[in-house]
Amino acid sequence: MEKKVLWINPVTTDLFDATFKSEFEKVKQPDTIIDVVSLSPAPGPTHLEYNCYEVMVMPEILRLVKKAEDEKYDAAIIGCFYDPILRAAREVTRKTIVTAPAEASLHIAATLGESISIIVGRRKWIPEMKENVHKYGFGEKLASFKSLDMGVHDFQRDHAETMRRIKQAVREAKEKDGANVIILGCTIEFGFYREVQEEMEIPVIDASLAPLKYAEFLVEINKKFGWGHSKLDGYQSPPDEELKAWQLF
Amino acid sequence: MEKKVLWINPVTTDLFDATFKSEFEKVKQPDTIIDVVSLSPAPGPTHLEYNCYEVMVMPEILRLVKKAEDEKYDAAIIGCFYDPILRAAREVTRKTIVTAPAEASLHIAATLGESISIIVGRRKWIPEMKENVHKYGFGEKLASFKSLDMGVHDFQRDHAETMRRIKQAVREAKEKDGANVIILGCTIEFGFYREVQEEMEIPVIDASLAPLKYAEFLVEINKKFGWGHSKLDGYQSPPDEELKAWQLF
Amino acid sequence: MEKKVLWINPVTTDLFDATFKSEFEKVKQPDTIIDVVSLSPAPGPTHLEYNCYEVMVMPEILRLVKKAEDEKYDAAIIGCFYDPILRAAREVTRKTIVTAPAEASLHIAATLGESISIIVGRRKWIPEMKENVHKYGFGEKLASFKSLDMGVHDFQRDHAETMRRIKQAVREAKEKDGANVIILGCTIEFGFYREVQEEMEIPVIDASLAPLKYAEFLVEINKKFGWGHSKLDGYQSPPDEELKAWQLF
Amino acid sequence: MEKKVLWINPVTTDLFDATFKSEFEKVKQPDTIIDVVSLSPAPGPTHLEYNCYEVMVMPEILRLVKKAEDEKYDAAIIGCFYDPILRAAREVTRKTIVTAPAEASLHIAATLGESISIIVGRRKWIPEMKENVHKYGFGEKLASFKSLDMGVHDFQRDHAETMRRIKQAVREAKEKDGANVIILGCTIEFGFYREVQEEMEIPVIDASLAPLKYAEFLVEINKKFGWGHSKLDGYQSPPDEELKAWQLF
Amino acid sequence: MEKKVLWINPVTTDLFDATFKSEFEKVKQPDTIIDVVSLSPAPGPTHLEYNCYEVMVMPEILRLVKKAEDEKYDAAIIGCFYDPILRAAREVTRKTIVTAPAEASLHIAATLGESISIIVGRRKWIPEMKENVHKYGFGEKLASFKSLDMGVHDFQRDHAETMRRIKQAVREAKEKDGANVIILGCTIEFGFYREVQEEMEIPVIDASLAPLKYAEFLVEINKKFGWGHSKLDGYQSPPDEELKAWQLF
Amino acid sequence: MEKKVLWINPVTTDLFDATFKSEFEKVKQPDTIIDVVSLSPAPGPTHLEYNCYEVMVMPEILRLVKKAEDEKYDAAIIGCFYDPILRAAREVTRKTIVTAPAEASLHIAATLGESISIIVGRRKWIPEMKENVHKYGFGEKLASFKSLDMGVHDFQRDHAETMRRIKQAVREAKEKDGANVIILGCTIEFGFYREVQEEMEIPVIDASLAPLKYAEFLVEINKKFGWGHSKLDGYQSPPDEELKAWQLF
């Protein structure tokens, strides 16, 4: 079953586009078409550590989601662990599935273990992410957030150092906080999960691979069974007349 | 104590600006300066019933908040009961207080009663608002949401009909849902609270008056005691270099 | 990617095995091998409406799960909406993924909507199922349970009557309880979801199709990324010596 | 707008009355009249660290609240962080607003930050205070209680020592417990908040200043909008006949 | 094992003392000594429907509890379903066990069923009782409160009418609210439980019999195993010097 | 009142039967008849540290419970702190009361203190036990689980070492986790509670004595007042025809 999936890097740099694309190509299902886009390269945020950065790029993310539906993508993934504009994106699409890293990672983690630690870059990130953990229903399963004290653009700078810090955080999460499953809470923490997982014998969810697979899964049940985002209440689509009159897209 | 407060109508119409301004002038503290602005009249949403409408105007709201701080406003109120971009607004300001209708109304309601019903326009609004009720900590105190089956622009069209529906909803909230305090869950449901409150003998919180007063209160404790939004974690401000380099404002 | 999946009908009748098998064949991924087994036909429960019936067949279910691993199944699905022995099954397998209808349906429903109603056969079933809803983290998203007042073996007896009752229950769930996504809370409520979903415009999750697809998804991320049930705490496997000494399998 | 406010020191000593009065005079709104009273100097508790001490003075507190209404006070503040008899006080008043330190401090703290630590004198105080934190809805926002290991009458004995302990507790709250806003959980912990707040860069709520300002705020919305404690359920006033027949006041 | 138990009717009338005494004599364990006292007959509340009535008699209740310990009672029961001053009473006793109707009834109900309805006299009572239900940990098991629209002194006036209303309330609780166990939420609702229970086939907990038996149980484990109220934190006893200096008892 | 109670050691060894019997004889009520049985000595689990071990013996436990009712036992206690098959056991009995160690210990602990720590053998046990703590309603009162790093059969091997570890765990629970009441979370941790309790001045609940006394209590209210497990919903008994047809017992 063909699955056309768009990964949106919601930052104004294509720095990671090629890497994501090539990583996704390795792990996608054979008949999945995966594209990766980022925002227009006008001056703008190259990371979304602050919620105000998210806000400034939200309309462009939303336009990309809308465009994804116009271009017949079956799913769009908003590639930031804050899961920005998930509700709005599900409103503007009528058929295209939308998911995001925290949602996907948490659903997987809650199936694989019972006590989840999330390894983040900075303490600053925690309150917004914690809000999402509770919103999705996994507050009781949250063991801890652990901060690496690194920014988004630090993760890939010195791999050995990042690896060292991740392992230290995972060790504490396991031993002190009682975690039995780990989420790497940023899409740019890619490339680390497998070594940590194998060496420390604990499932480690990668925040970019998880939503890709969750998207394929959601597309499959959508195509097979017609199961899509409910259009009754919170994800109801706006009337076409307003969209047109207000030239939102 | 002078308090300079900006009310932001986050819609692309100035339809309600004068009314709000004149209503606020009647009830503000003597030394409060209250200004009301709305968004630029370019084609755009004249109401925010859909989260995707919110998203499209979020950057402009954020810029207005930032500008409010530059223009020495002590407080900015984001005048929509969805409380859009509260986190981002508190990040970009370093001193200016930011609040919004649902936050203000819920804190008041939870002090005045123990079981809250929120009267909304449409069922569509409920999930996003319910998320906020839980986020702010008042989930246990929520008796019900009641829908009037009216859009934002219907409330002021036929006052008698709106009043009739509000009273019917409040009656059910009191009798069936066990509510003992009511919030009118839209800033445009203005002008109704007093008659309903007196006739039905239940406190009825108006969603535009509540945040004005809450803002004055927050400004006062900010000026007197230095109590402002914590800059430690979730409301930490972004670094100036990034703001400049990315030309966000 | 080959995925070998075993569906266990945890009842002492093969009444539904062929039907399930043929339904699954229609919707499985091309390279999935799906087998359906039921328990030995000794006198014993032909449905599990009572927890004591579950208990009496639990050892045999567990042995089937263990055997599934020995026979290189990638996943085993315990086909009852009470999700019996999920913890024990995840202990005895070291590699094979185990899932079940309620877990799978709830994760899907919580992604598609925000307020879930579960349509059950009898009121008797509710407390045990409600326990699971809370255990999995979805208590806040539960709109209601609706009982059809039918036993497991009634659902397929008079399709028109079952359909009539389901539609009536879904109508109430939507209109009175505020549900925006539905789960048919028994694997034997099969064959109804699509008509209800299309006619009533609300996602309706079928409790046998959901776990099949969730199993395929879990197998895929297991094979690709090594993500399996955490062996650290609650799903830790027992020592081989004890298993042997006690001849449990 | 004139606001006549009564602060009740619910202890049988006027030791702190003058200090509170003079501190309040400095920070009150210009047209607020603030009076401070304590209980009759008969032998009795000079602090309320034990709930049984509270109980023994509760009737006198209640009589003072009732008298406050007779004397046209707009608000009464029950000056102990256990918030004693808030419900009873709201019953016996028909118009006068009643608030208390924990309620006021928590509403403010939850608006300013997202993770609250409360600095108390002794571990003994924690269970009763924790009950209130949950009752008011802020359980999810509670980072920790930190004990200074000091009694109520120790706080003002050796200011340097008290300050040292508070700073140590705040440091731990910030660094280990993830707090981003602090409440000093006793009205007699006065005089410390500002230095701690400025030096440690975290909002520090003073438990005597907070309820004064919250009372002014509540009086203002009461006078302007008629918003007072709901008389429908939990704060319903008793019938006059019973009050008279039983000579309660 | 001798168990000396004091039932305190916390009202200024001995109207119900003899009845309680004689009912308790019928059901107590053979070696239990049960005494019933009420408050001094000075003008004062003859019921505690309002929290302010409770407050006015709290010191006398506390003195009776203290006296009970002095007179070697093994347990004191504070006979009102609001469970007044449970914490204070556990502080002032060092050995004597203290319990109360709501605590006892809820622990029993939560063991016998999974969904509890509480039949109260008036809607006014609900918020304070609901607070206790949550405080004790049984919020998730609460099906509903049902009000009979009767005051405390109405229950025994017209038995047929009271019975009729109780049955109607229980019927609704069972059928509409999903209750499977009932508590009669006032000690003066005595004499009704058995007929309702047998006729309606649902356990019906009587709020005066439950705490008597719970007290016997707690005394037994106290005498046998030394298990009494923890003196570490919330129930820590005050220092004798203060009790003496302040002449509290 | 005669109370006939059966303690079921749900393991395939009678190793502890005599000890339990003799300990119970010392503390039971005079007219209580207490019998202790274990499972058939066929090869099988001699402890239930793994949920899969529980599952394999569940049918035999259930048969013993059913037999207990046939033999006119008033109560059956399933003697493992995981409280296995409580629901099923309450279904198959129509009159006999069923309880278990965690349920009994938690109800007692929540009455005696406000913050509970549970001392377990291994970290492995925690998730399943934590599920029960939340299910019973005591999640908010849980201070911590502390692991002794010992298996079930280690507790009685070297009493001094076990005692040393328990005291160390209790010390940490009190000082670091804020516990004010302790539960020894395994029936085989017998013989230690009194010394720990007296030396460390904190109530310490023994997981075998607690359910014996709770059973006597439940039997007493059952015989006196007819209060038994609700047969309406979750504990409804299965129809006799099915039990017979399927030869389950």
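Going in written order, the chains are labelled A, B, C, D, E and F, and every chain counts its residues from 1.
One rule holds in what follows: contacts are C-beta pairs under 8 Å (C-beta built on N, C-alpha and C of every residue); 3 or more make two chains touch, one makes a residue touch a chain.
All of these numbers come straight from a predicted model, not from anything done at the bench.
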Where subunit A and subunit E overlap in contact partners, by chain label: B, C, D, F
Equivalent of A-B within the choices C-F, B-D or C-E, defined by over half of its residue contact pairs recurring: C-F
Most remote chain, CA-based centroid, reference being subunit B: F
Same vs different contact residues, subunit B with subunit D, by half of numbers used: same
Rounded Å distance between subunit D and subunit E, as computed from the means of their C-alpha atoms: 30
Distance from subunit E to subunit B - Cα centre to Cα centre, in angstrom: 44
Shared interface positions of subunit F, touching two or more other chains: 114-115, 123, 126-127, 134, 139-140, 178, 180, 233-234
Topology of the chain contact graph, where touching chains are joined (line, ring, star, complete, other): other
Chain-chain contacts as defined at top: A-B, A-C, A-D, A-F, B-C, B-D, B-E, C-E, C-F, D-E, D-F, E-F
Residue numbers on subunit D that touch subunit B, as the complex places them: 1, 27, 29, 99, 103, 107-108, 110-115, 136-141, 174, 178, 180-181, 193-194, 197-198, 201-203, 205-206, 209-210, 213-214, 216-218, 220-221, 224-235
Subunit C partner contacts - residues on subunit F that touch it in the complex: 12, 43-46, 49-56, 58-59, 62, 85, 87-89, 91-92, 123-124, 126-128, 131, 134-135, 233-234, 236-238, 242, 245-248
Contact footprint of subunit A on subunit D as seen in their complex: 114-115, 140, 178, 180
Residue ranges of subunit F touching subunit A (in the complex, touch as defined): 123, 126-127, 134, 139
